[in-house]
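There are two complexes below, and they share chain A, which is joined by chain B in the first and by chain C in the second.
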Partner chain A sequence: MKYETVIGLEVHVELATESKIFCSCSAHSFGADPNSHVCPACCGMPGMLPVVNRRVVDFGMKAGMMLNCDINRVTTFDKKSYYYPDLPGAYQTTQWFAPVAVNGRVDIETSAGKKSVRIKQIHMEEDAGKLVHDISEGTTHVDFNRTSVPLIEIVSQPDLSSAEEVEAYLVRLRTLLRYAKVAECEMAHGTMRCDVNLSVRPEGSDVLGVRTEMKNMNSIEAIKRAIEYETARHINAIENGTEVLVQETRRWDDAKGKSYAMRSKETAGDYRYFPDPNVMPVVIDDVWYETIKNSVPEFPEVKREKYIALGLTEYDAERISESIMLCECFEEASEACGNPKEVVNWITSDVMRILNAKQMTYEMLNLDNKAFGKLISLTLDGKISRANSKKILSAMFDDRAIEPEAYAEANNMLIGEQNDDLILGIVKKVVESDPKSVNDFKNGKEKALMALFGKCMKELKGNCDPQQLKVILLECING
Partner chain B sequence: MISKDVVEKVAKLSRLHLEEEEIAQYADQLNQILDTMAGLQQIDTDGVAPLAHVLPIENVFREDEVGECFTQETVLANAPEQSNGMFQVPKIV
Partner chain C sequence: MTLSRLTIHELHDLLVSKEISATELVQEHLDRIQALDGNVKSYITVTGDLARKQAKAVDAKLAAGETIGMLAGIPMAVKDNMCTEGIPTTCASRMLEGFKPQYSATVVEKLKAEDFVMLGKVNMDEFAMGSTTENSAFFATQNPWNADCVPGGSSGGSAASVAADLAVYSLGSDTGGSIRQPASFCGIVGLKPTYGAVSRFGLIAFASSLDQIGPLAKDVTDTALILNAITGYDKKDSTSADYNYPDYTAALTGDVKGMRIGLPKEYLGEGIDPDVEAQVRAAAAKLEELGAHVEECSLPYTRYAMPAYYLIAPAEASSNLGRYDGVRYGLRAPAEDVAGMFCDTRKKGFGPEVKRRIMLGTYALSSGYYDAYYLKALKVRNLIKQDYDRAFEQYDCLITPTAPTTALRKGNNQDPLALYKSDICTIPTNLAGIPGLSLPYGTDRNGMPIGVQLSGKAFAEPALLRAAYALEQNTNLTRLKPNQGKGL
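Take a look at the complex of A and B:
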C-alpha cells in the first residue's frame, strides 16, 4: 500500500527585541553569567507585575502581516499552567483565546510544485529558562536568563507532506521574518526552533493517523532526517505491527538517528488556560495598525522582478533578493551611484568575499550603503584605483563612519590633477633607472613598456589613473 | 461533581501530594464551591463577551529599553539549594 505523510509544524521564533517581553531585563544573555539577567517579574516572584513590551506587539503584528494573517485588533494574554523547573511562576504567559494573528498563508515551491501552507495562528509568549542536567549526579540546575525572552509561535495547519516541503517552508519563514527584521531565525543559535507533528495514512484517505510530536531538532537537516525516520517508523508499525502507535511527544537524537518517547504529554485542558489578570488587553487602533502595515517590506519575488527590470541577470536578482540586507545594500548604493549593474558586481564579488573572509552572514552586513555607492562612483570616475577601492571597502566594513573620499585623501589614495607633478617625478626616476627597458621599447618590444608602467604604478602605490600614467610615461620616453 | 479521581488529577497537575483523607476533604470543599457557582450559571450571558479584566484598562506598555536586573546573589537569595550560580533541583529527566 502507498502511504502519505501529514505534517504540521509549530515554529518558535525569538523576537529581536532589546528587552524581555514583560520586564526590562536584557533579552540577550549569550555568554552572560547564569541568573544575571533576571528581575522579580521574570523569576516569578509573588506580586510581580508584568508590563508588555510594545515592540513585541509591533513585531508580532508585522510577522503576522508577512505571513498573510488577519490581525486580531483585540489581542490578549493568558496563563498556561504547568509545573516544570524552567518555569518559575508554574505558568507560561502566552496567548490562547485571542492570538495576535490568525488564518495566514505561506507559499512554497518544491519539486512537487507550488503549495500554500495555511497558518492557523501566531501567538506571542515568553520563553522558559534553561535547564542544565547532571552538573553533579542526580541534579538539575536552572538558569532564568532566558525566561520571558519574547517568542512568537507560528502554528501551521497539517498541510505539509514531505521533508522537502518542510525545508522549503522553514526557509521561506526564515526569509520572510528576516525581511521584516523581527527575528534572527538562526536554528544553530536556538532563535528558531521547530516541533514536528506527524502522522501517516494510506494515500487518498481523509482520516488522520496517530500523531506524534517530535522535539529537539536544531538544524533543518536534522528535521529532515527526523521526518524520514518517523515516517518509516509509522509505516512499519502500520504494516508489520512492530509496535502500537500512541499519541506522544518524542525526542529526536540526531547522533543516533532515532526518536525516543518522552514523558506523556498533558492535553490542552490540563493546561487550564485562563486570562492573565495582570496583563491588560492590547487594542490595536487604526493608526497603530497602519504604521506597522506601512513598515512591511516588499516580498522577495517583488524585489527580484524589480531587479530584473533594472537589467540584472535572473541569477543575480535571485541572489540579492535572498536577503533584505543585500537588497538594502543594493538599492541604497544604486541610488547613490546611479549604476545598479556595477553595484551588483561589487556586491557579488567584493562584498561577498569580505563577508566570507570575516565569516559573516548576509544578515550581519552593516555597511553604510550610501557611502558604498559613493565609493563605487569615485572608482568609476577614476578618482580611486580599483585596487585601493577594495582596501577602502574593507576598512568601511570595520568602521561605518568612514567617508570614502575623505578616507582616500587622508591615506593618499586619491587620484587627482594635483598629482601630475608627483607622477612625472616618479616616471622620470623609473625611466632613468631602467634605460634597457626604454631602449627595448624604442626597438619595438611592447612588453618593455608594461614593465616600466608596472614599476611606476608600484612606486605610486596604485594611486593613479592608468590612462593618465600611460600618457605621462609615453611623453617622458619619447621626450 | 468533583470526584476523588478529579481531585487526584488536579493534585498531580499541580505536583501536590495529598493524603487519602485530604482528597475526600478537598472533593467536598470543591463541590461546595461548584454549587455556589451553579447559581451564577442561571444568569443569561448570551451575547456577553467573556470578561478578562474587571477594570476598563487596556494598552499598558513599556518601551523596549533595557533596565536594571537583580544581581545573581539577590536572585538566588531564597533558593533552598544553589550552586554554580544556578538554582539546584532534583534531576527532572
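Take a look at the complex of A and C:
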C-alpha cells in the first residue's frame, strides 16, 4: 500500500526587538554572562507586574501580514501554567484566546510543484530561561537572561507532506520574516526552532493517523532526517505491527538518527490557560494598523520581477531579491547614482566579496546605501579610480558615517582636472628615469608601456583616471 | 500622653505650629507599640530606627522653615504584602519569612515622597486570604475592642493598629473586603478605591483583577488626605487608570442636599444581624434628614457574587502563587529532585487556607472545567457590573452594611464556607471594580462597632466621602474609641 505523510509545524521565532516582551531588559544576551540581562520583573519577584512592549506587537502584526494573516484588532495575553525551574512565575504569558494573527497562507514551491500551506495562527509569547547543569558538582543553575525574550509561534495546518516541503516552508518563512526585519531566524542561534507534528495514512484517505510530535528541532537537515525516520517508523508499525503507535512527544537524537519517546511526566500537561488580568487587551486601532501595514515590504517575487524589468539578468534579480538588505542596498544606491546595472555589478562583485571576507551574512549589511550609490557615481565620472573606490567601499563597511567624496579628498584619492599638470610632471619624471622602457616601447614592445604606466600609477598612488594617464603618457613618449 | 489619639489633620496642625515635633510624635507611637502590641499583635516588623530617622528629617524641614505636606511626619503602618525595599515583606507566610525586596511598591514610594514615617509592617491573613487575620502564619491579631474577638481580615493588622492608636493611619489591600471588613470590625474608616486608582506595582498579588490598595484611617478627612497621596496613574501597572484624580478634600463639604442614595434590599434582612441592619437604616435616615433622597432599590445578581468570587479569586491566586517554588527566594525545602523541592516547599511554606484556595483555583481552571466554572463566573461578574451600572444611573451612592455581623469571636472560625459569608456585602464592589467605603456607625448590643458601607460608580470616591463626612459631622456615631479595658 502507498502511504502519505501528514505534517504540521509549530515554529518558534525570536523577535528582534531591543527589549524583552514585558520589561525593559535587553533582549540580546547571546554569549553574555548568566543573569546579566535580568530584572525583578522577568525574574518573577513578588509584586512585579508586566508591561507590554509595543514593539513586540508591531513585530507580531508585521509577521502576520507577511504570512497573509488576518490581524485580530483586539488581541489578548493569557497565562499558561506549569512548574519548571526556568519559568520564574510558574506560568508563561502567551496568547491562547485571541492571538495577534490568524488564517494565513504561505506559498512554497518544490519538485512536486506549487503549494499553499495554511497558517492557523501566529501568537506572541515569552521565552523561558535556561538550566545549566554543572556535572562536576552535580548541581543545576538557572540563567534567566532568555526569560521574557519575545517569541512568535507560527502554527501551520497539517498541509505539508514531505521533508522537502518542510524545508521549502521553513526557508520561505525565514525569507519572509527577514524581509519584514522582525527576526533573525537563525536556527544555529536558536532564534528559530521547530516542533514537528507528523502522522501517516494510506494515500487518499481522509482520516488522520496517530500523531507524534518532535519538539525543539534546531536544524533543517536534522528536521529532514527526523521526518524520514518517523515516516518509516510509522509505516513499519502500521504494515508490520512492529509497535503500537501512540500520540506522544518524542525526542529526536540526531547523532544516533533515532527518535525516542519522552517520559510521560515530561509531556503530560494541563496548562490551565486563562486571561492574564495584569495585561490589558491590546486594541489595535486604525492608525496603528495602517502604520504597520505601510511598513510591510514587497514580496521577493515582486522585487525580482521589478529588477528584471530594470534590465537585470534573471540570475542577478534572483540573487538580489534573496535578501531585503541587498534589495534596499540595490534600490537606494540605484536611486542615488541612476545606474542600476552598474550597482548590481558592484553588489555582486565588491559588496559580496567584502561580506565574504568579513564573514558577514547579507542580513548584517550595514552600508549607507545612498553613499554607496554616490561612490559608484564618482567612480563612473572618473573622479575616483576603480582601485581606490574599492578601498573606500571597504572603509564604508567599517564606518557608516563616511561620505565618499569628502573621504577621497581627505585621503588624496580625488581625481580633478587641475591635476593634469601634476600627472604630466610625474609622467615626465618616470619617462626620463627609464629611457630603456621608452625605447623598448618605441621599438614595438607593448609591455614596456604597461611597465611605465604602472610606475606612473604607483607614483600617483592610484589617484588617477587610467584613461587620462594613458593619454598623457603616450603624448609624453611621442613628444 | 494623648498624641496618638489624634488624626492626621490634627497632628499636622500641631507639627506646623511647632507645638510638637515629629520625633516626639513617632517616639510616643513606638513606646505605645512597645507597651501594647504584645497584646494586640498588629505588627510583624517594627521599623523603629527608620521611623525615627524619617521623623528627624521632617523636623529638619520644619526647623528650616520649609512647608511640609499633610502626611509629613505622621506615623503609619503598611500591610505586610506591600514591598518595602530592604525591609522584610512576608505576606504573613512562612514562604516569604525573611524576604527583603530590592524595590518598594509604588504606594510606598508615593508616601515616601510625602515624607511619611513608617512604623512598620502589619499583620494579615496569609497572602491576604481570610477574614479574621487568624490565617497569619506567625500569630493572630486581636480586636482592640474585645480581646475575644478577631480584628477582621485580611488587613487585620492595619485595622487593629489604627484602632488601638498604634499608628495614625495604615495601608491595607482589599480583594473581597479586606480593608472594609476589618475597618468595620475595629470601628475605623476604610476605603477600597476604584480598581486602577492606586498602583498595584509592588503589591504582592492575591487576585490581580480584584486587588486594590487603600487607606484605613481614624476619620473621613484623613481618608481623603491619604487618597490624595496614593492615587495616580503608574505606567508600571498596566491596569492603572490614566485619570484626572481630584483633590478629595474638596468633597468634604458636609452637604448632601439632593444626593440620591439607594438602599439595596438584597443587603438587608436574612443573614444580616438586626443591630447592623438597624444602624444601616439609621444612617440612611440621617442622610435623608440632611437633605438626601433615599430609596430602596435592587441589585438582583448580588446573590451570585460570592460563588463567582470564590471561583475568580482562587483561580487567579492559584496562578499568582505558582512563583513560590523555592528556586529563587523565600523558603526552599531540600529534596531529592526538583519536583520534590517544589512539592515540599509549597507543602511547608503555605498554610491550610492558602492551600485550599490554590486547589479551588487550580480545579476551576482545569481543562474541561474552565467553561463550567471560571468562564461562567466571568459572565456573572459582568451581570453584577450591569446591576451596578443600572443602579448608578439613578443613585450617586448605595448604602449597605459592610459586613453581616460585627467582629467574629476568635478561634471559632474553622468552617470556611461560614467564614466566606463575612465578605458577602463587600465582594460585589471588587467584582465590579467600584469604590467602597466603610464608616463606623454606632455599636451593637455588645458594644462592638458597626460599619456602614457606601459604594459608588468608578471614580465616585468624592461622592462616598461627601456622604460619609456629612454623617461624621452630624452625629457622634462615627468616631468611636474602643473601651480601653477590654481589648488593650
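In the analysis below, the second predicted complex is superposed on the first by the 467 of 479 C-alpha atoms of A that agree within 3 Å, B and C clash if a C-alpha of one lies under 4 Å from a C-alpha of the other, contacts with A are read in each partner's own complex, and residues count from 1 in each chain.
The rule is simple: a residue touches a chain if its C-beta (ideal position, glycine included) is under 8 Å from a C-beta of that chain, and two chains touch if they have at least 3 such contacts.
Since the structure is predicted, the reported quantities are computational estimates derived from the model, not experimental observations.
By the touch criterion defined above, A:E328 reaches neither chain B nor chain C. In the overlay built on the shared chain, the residue A:K79 is in contact with chain C alone; chain B does not reach it. When chain B and chain C are set side by side, the one touching more residues of chain A is B.
In the superposition on chain A, contact is made by A:G44 with chain C only, not with chain B.
In the superposed pair of complexes, A:G89 makes contact with chain C only, with no contact to chain B. Shared-chain residue A:H133: touches chain B; no touch with chain C.
With both structures placed on the common chain, the touch criterion links A:N53 to chain B but leaves chain C unconnected. Comparing the two interfaces of chain A, the one with chain B and the one with chain C have residues 40, 43, 51-52, 81, 83, 85, 140, 142, 270, 272, 277, 280 in common.
Residues 82-83, 89, 91, 96, 99, 101-103, 105, 200-205, 207-209, 235-239, 315-316, 318-319, 322-323, 325, 327-329, 338-339, 342, 362, 365-367, 370, 374 of chain C are the ones that touch chain A when the two sit in their complex.
Chain B makes touch with chain A in their complex at residues 13-15, 50, 52-53, 57-72, 75-76, 83-93.
In the complex of the two chains, the chain A residues touching chain B come out as 17-19, 23-26, 33-40, 43, 51-57, 76, 81-85, 97, 131-136, 138-144, 266, 270, 272, 275, 277, 280-283.
Taken in their complex, chain A has these residues touching chain C: 40, 43-52, 79, 81, 83, 85, 88-91, 140, 142, 270-274, 277-280.
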